[in-house]
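Okay, so chain A shows up in both of these, paired with chain B first and chain C after.
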Partner chain A sequence: MRRDLSLFQLYLALVAMGIGGVGLALGLPTLGTAPAVEVFFALAFLSGLRLVVRFSPWLDGALAVFGAMALIVSLPGGVMPAHHWLALIAAWAFAWLFVERLSACIRAGILPETGVGLLIPIMFGLALLVVWEVVTRGANVPPVLLPPPSAIGMRLMAETHILWADFVQTFIKSVLPGYAIGCLAGLAVAILVDRSPFLKAGIMPIGNFMSALPIIGIAPIMVMWFGFDWQSKAAVVVAMTFFPMLVNTVAGLNAASSIERDLMRTYAASYWQTLMKLRLPAAGPFIFNALKINSTLALIGAIVAEFFGTPVVGMGFRISTGVGRLAIDLVWAEIAVAAVAGSAFYGVIALIEKGVTFWHPSVRGGRA
Partner chain B sequence: MTRILPVLTILLAILVFWYAAAVWMNAPWQNTLNNRAGLENVPFTSFAQQTWAQDKPVLPAPHQVVGEIWNATMGLEFTSRRSLAYHGWITLSATLMGFAFGTALGVGLAVAIIHNDASDRSLMPWIIASQTIPILAVAPMVVVGLGAVGLTGLVPKALISMYLSFFPVVVGMVKGLRSPENIQLDLMRTYDASSWQVFWKLRWPAAMPFLFASMKVGIAISLIGAVVAELSNAAGGGLGVRLLTGSYNGQTIQIWAALFIAAGLAAVLVAIVGSAERVVNRRMGVRA
Partner chain C sequence: MTAVVSAEHLGLTFPTGDGDIVALSDVNLTIEKGDFVSFIGPSGCGKTTFLRTIADLEQPTSGTLTINGMSAEQAREARAYGYVFQAPALYPWRTIEKNVALPLEIMGYSQAQQAERIARTLELVNLSGFEKKYPWQLSGGMQQRASIARALAFDADLLLMDEPFGALDEIVRDHLNSELLKLWDRTQKTICFVTHSIPEAVYLSTKIVVMSPRPGRVTDIIESSLPRERPLDIRETPEFLEIAARVRDGLRAGHSYDGDLV
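Coming up: the complex of A and B.
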């Protein structure tokens, strides 16, 4: 047994090799129909040589990538031959082995954390996409049920103007103003409430309670009050983002310790000076926590509110009508746009947080 | 008493504000009605009462909502399609099922993540990324898609709830299962404990407070998931459907009543998890 493999890794390697052998044998009757897959089977079988010679983890990664490409290239129009499913399993096993060995190398300090550490989740994401593509096309899953990623990508390219219009309507017109108003209002009310212990004691339990409620349900009411256009969506977003901001800011304003406040007193700092120079900066991590929670909530609120009535544009509108018209690939393209927008929104706020609260231990430690 | 008084004051203020807002927002329509009926110079007190008793008000007064909740739960047979108790039950069962799935999935993923480096590195970034995606947008498609393969009713809704509620559980449990300190892990080693024993006797009990904190968040969003999933399947019933039909027919009182029931459900569910937390923590010997 090779010393550089753990028991679990060895099992994975044996599975991959065994499948390669079986696949090669099963492919013999139809030799030449899918040469790439057959080459992959042969290589997978040859990877059994790792029992006698050193076998770099990168070779496993290369084999996984090659197997995935071979499978996608040889996808037929109809149902995939049965033994090609073995190639999918083998490619998955190689990918798994690859990340297992990479993370073992990182832990042992052979490979650097940055860069290689990023490669592992990317590998996992790509593997999921490949499995999705191969399963939907190989098993002839009706596109109405689940379209393959390639079809979604094509739709994304073909319908950019529609997707862009929806993005502007939902994200730029509804989410951003609602988010800004909701967060600023939460911040302002928190600062006002903070001056009176009585109000604080009254509002905090209610605020906590409200943050747990399905506020999204006010969407139909807002649509009645503010009409079909973006104003009603922005109003839903305001209501959804207000309470998390309020609760977090009130908690954050208490974060400055009494010794720091005493120092401000010895400087004869006024209330506003203490607030601006000590307590608000100290509340930064809490405020950014709320901003991050709200960035996801805001997008959800706007999209769901559009289910209740909108002009004929908007992400939520496109999704609900797309499902009705069975244009599922367009719906998935819309979801992809929403996912990218949501992640980017979150990412931008996380970046700003890193810059603003650079002093906080969670940022200084390198892991936000 | 010192804790309840401020809360009651705020609640009272909200109530007063609500009644005032109801007069203000319902006034234009009431004026039109009174003009048509030829009523002039209605004194303010009776005008206010008129605005609080409209059939389809812009903003129903609190007592109208409470009355509607009472009529729609106690006043009707449970099996009636108009009973809010019936619709509330549908939503509740989807919520609980999704919450159970989500918690199980979350705990399972957390266990895999703390025991295997590769799954930590490959799964964790995607689990976090999955929550920046507005997943509720997928709800209609999941409901319709599963409906096409013959899965209708509870399961699609529960899947949406599951997707929403597993996340806080994973994050909380990974933190919790890693919370035992090195000195405690070393002690287990000196006892020659197997990794199974370390898990059950040290890591699992240490993770309990984290699990319950996550479950409180999880059950609240699980309810949101169930309500939104119901929007796409109007035949299935549930509080989401009541919201939808209410908005189509302009039945504002019905919308508010469904909303209040949903809020009440969320509050009760969180409270139940909270009391379970206290019981378990006491039995596990956690000092409050």
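Coming up: the complex of A and C.
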């Protein structure tokens, strides 16, 4: 047995090789109709040579990419020939083998973590897209059920102006102001609550109650109160983001140790000095947790709120009307934009967190 | 000589659900200016509680306590003392110099005064050159030195230290003890020092207060005859060993009072 492969990797390699052989044999009667796939089968079969010679992981990667491209190029208009499905499995096996061997190399320190490490999720994402594309087109899945990613991509390109207008309406006009107001209000109320036991007893249950309200229920009410435009969506976002910030900040304000507070007392520091110089900085990790949770909640809230009345623009509006008009690829394009926007928003906040709470053991990766 | 700390019949009882706990009972003590007073005793003897009472972090339930002729609360508000805790309690989001600047910022010193005092006190504890480091980048001993610098920064005449070197290993502790003595000699401060180490107490102090638990009380006050100038090897002299023996006797007496086996 070759020592550069683990047992599992060896299985994958054997599966890929075996499928290559079977696919080649099954393709003999129709030889020449899909030359790219046939070449891929042949190469997959030849990869069995790894049992005798050293076979670089990059070759596995190249084979996976080649197989995927061969499959996509050879996709027929109708249903895909049965043995082409084997090519999909073989390409998947190569991709798997590739990332397996790559991560093993990174773990062993042969390859650097930066750059190469990024390749693994990229490969994984691409593999998913390829499977999606081949399955939807190869099995003739009705586009209304699930459009292929290529169609979604085309829609994305073709309708940039619509998607941009929706993004501005939903993200810039509704999410950002709602998020800012909700988070700031949560922070301010948390400081008030912390100061007064009366407010703690009064406001915390109400905040809890508010957070338990279903967004589906409050969205139409907000639309009635604040009108069809972005104001009502921002109000929903405020309602959604307020409570996580309140609870986290109240917890965070108690994060400073008793010894750290005693120190402030020995300096005869005022309430505000203690708050600004000790308790708020110590609450930083908690506040950023809330900011991160809220960054995704806010987008969900705004999109769902748009289902209940909106001017003729906005991501939620586009999704709900797109479904009605069976323009499913546009719906998916909108979902893709929302996912990218949401992840980017989260990523920006996580980056700021790294800069601000650099001192916290969870960020600097040290002991407490 | 003027009394910096004066306690008369001082008592402190913590009420708990399980009955009252007498942390301090009938403590009478006078600390003069320039004294180095150690409080020694087993856990639960109230030595830390007494220090916290001086600092107005705990309130006595009976007796009187004056600091520089004021009540403990007035003294705290007049920033009469610097307190060094068992843990360094440096704020991890501040650099060492910013940590030392913390009391100065709160007390409203100007930027120029802050810079001058930071430089002076860090020099005093041999931490010059570490101004821009964060606490978690320094060793435990260095962190504790930085916390001493912080307590010295605003020039309070009284320094309260609660087992400041308790968490450090013996080699570092010896070193910091001799540095603390030099610092005390140079600054002429009054120091109250809580410890549970007999050699540490004898080595540092001009006055050793032996305490015992249940209820926390003072069993003996020993005036040290050692000179102010104390090299580390003074710990092998007969004089030193004699005082250490007396402290040990005091601790033992406190214990047998409880009927414990010794």
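Here, the second predicted complex is superposed on the first by the 346 of 368 C-alpha atoms of A that agree within 3 Å, B and C clash if a C-alpha of one lies under 4 Å from a C-alpha of the other, contacts with A are read in each partner's own complex, and residues count from 1 in each chain.
Following the convention adopted for this analysis, a contact is a pair of C-beta atoms (placed from the backbone, for glycine too) under 8 Å apart; a residue touches a chain by one contact, two chains touch by 3 or more.
A quick note: this is a predicted structure, and the numbers were derived from the prediction, not measured.
Q: Regarding the shared-chain residue A:259, is it in contact with chain B (first), chain C (second), both, or neither?
A: second
Q: Kindly classify A:269 by the partners it touches after superposition: chain B alone (first), chain C alone (second), both, or neither?
A: In the superposed model, A:269 contacts chain C only, not chain B.
Q: Would you check which partner chain A:157 touches, where first means chain B only, second means chain C only, and both and neither mean what they say?
A: A:157 contacts neither chain B nor chain C.
Q: Contacts for A:299 in the overlay, against chain B (first) and chain C (second): which applies, first, second, both or neither?
A: first
Q: Now for A:277: first (chain B), second (chain C), both, or neither, which partner does it touch?
A: Only chain C; A:277 stays clear of chain B.
Q: If you stack the two complexes on chain A, which partner ends up touching A:49: first (chain B), second (chain C), both, or neither?
A: In the superposed model, A:49 contacts neither chain B nor chain C.
Q: Does chain B (first) or chain C (second) touch A:73, or do both, or does neither?
A: So A:73 meets neither chain B nor chain C here.
Q: Is chain A touched at more residues by chain B or by chain C?
A: Counting contacted residues of chain A, the larger count belongs to B.
Q: Identify the partner contact of A:343: answer first if only chain B is touched, second if only chain C is, both if each is, neither if none is.
A: First partner only.
Q: Residues of chain A that sit at the chain B interface in one complex and at the chain C interface in the other, please.
A: Common interface on chain A, chain B vs chain C: nothing in common.
Q: For the complex, give me every residue of chain A touching chain C.
A: Per the touch definition, chain A meets chain C at residues 257, 259-260, 262-269, 273, 277-278, 281-282, 284, 357-361, 364, 366.
Q: Could you list, by residue number, the parts of chain B that touch chain A in their complex?
A: Residue list for chain B touching chain A: 2-3, 6-11, 58, 117-118, 120-126, 129, 131-138, 140-141, 144-145, 148-149, 216, 220, 223-224, 227-228, 231-232, 239, 243-244, 246-247, 250, 252, 255-256, 258-259, 262-263, 266-267, 270.
Q: Would you tell me which residues of chain C are touching chain A in their complex?
A: Where chain C meets chain A, its residues are 55-57, 76-79, 81-83, 85-87, 89, 91-93, 102-103, 105-107, 134, 136.
Q: In their complex, what parts of chain A are in touch with chain B?
A: 96, 99-100, 102-104, 106-107, 117, 120-121, 123-125, 142, 144-146, 198-203, 205-206, 209, 212-214, 216-221, 223-225, 295-296, 299-300, 303-304, 307-309, 315-316, 319-320, 323, 328, 331-332, 334-335, 338-339, 342-343, 345-346
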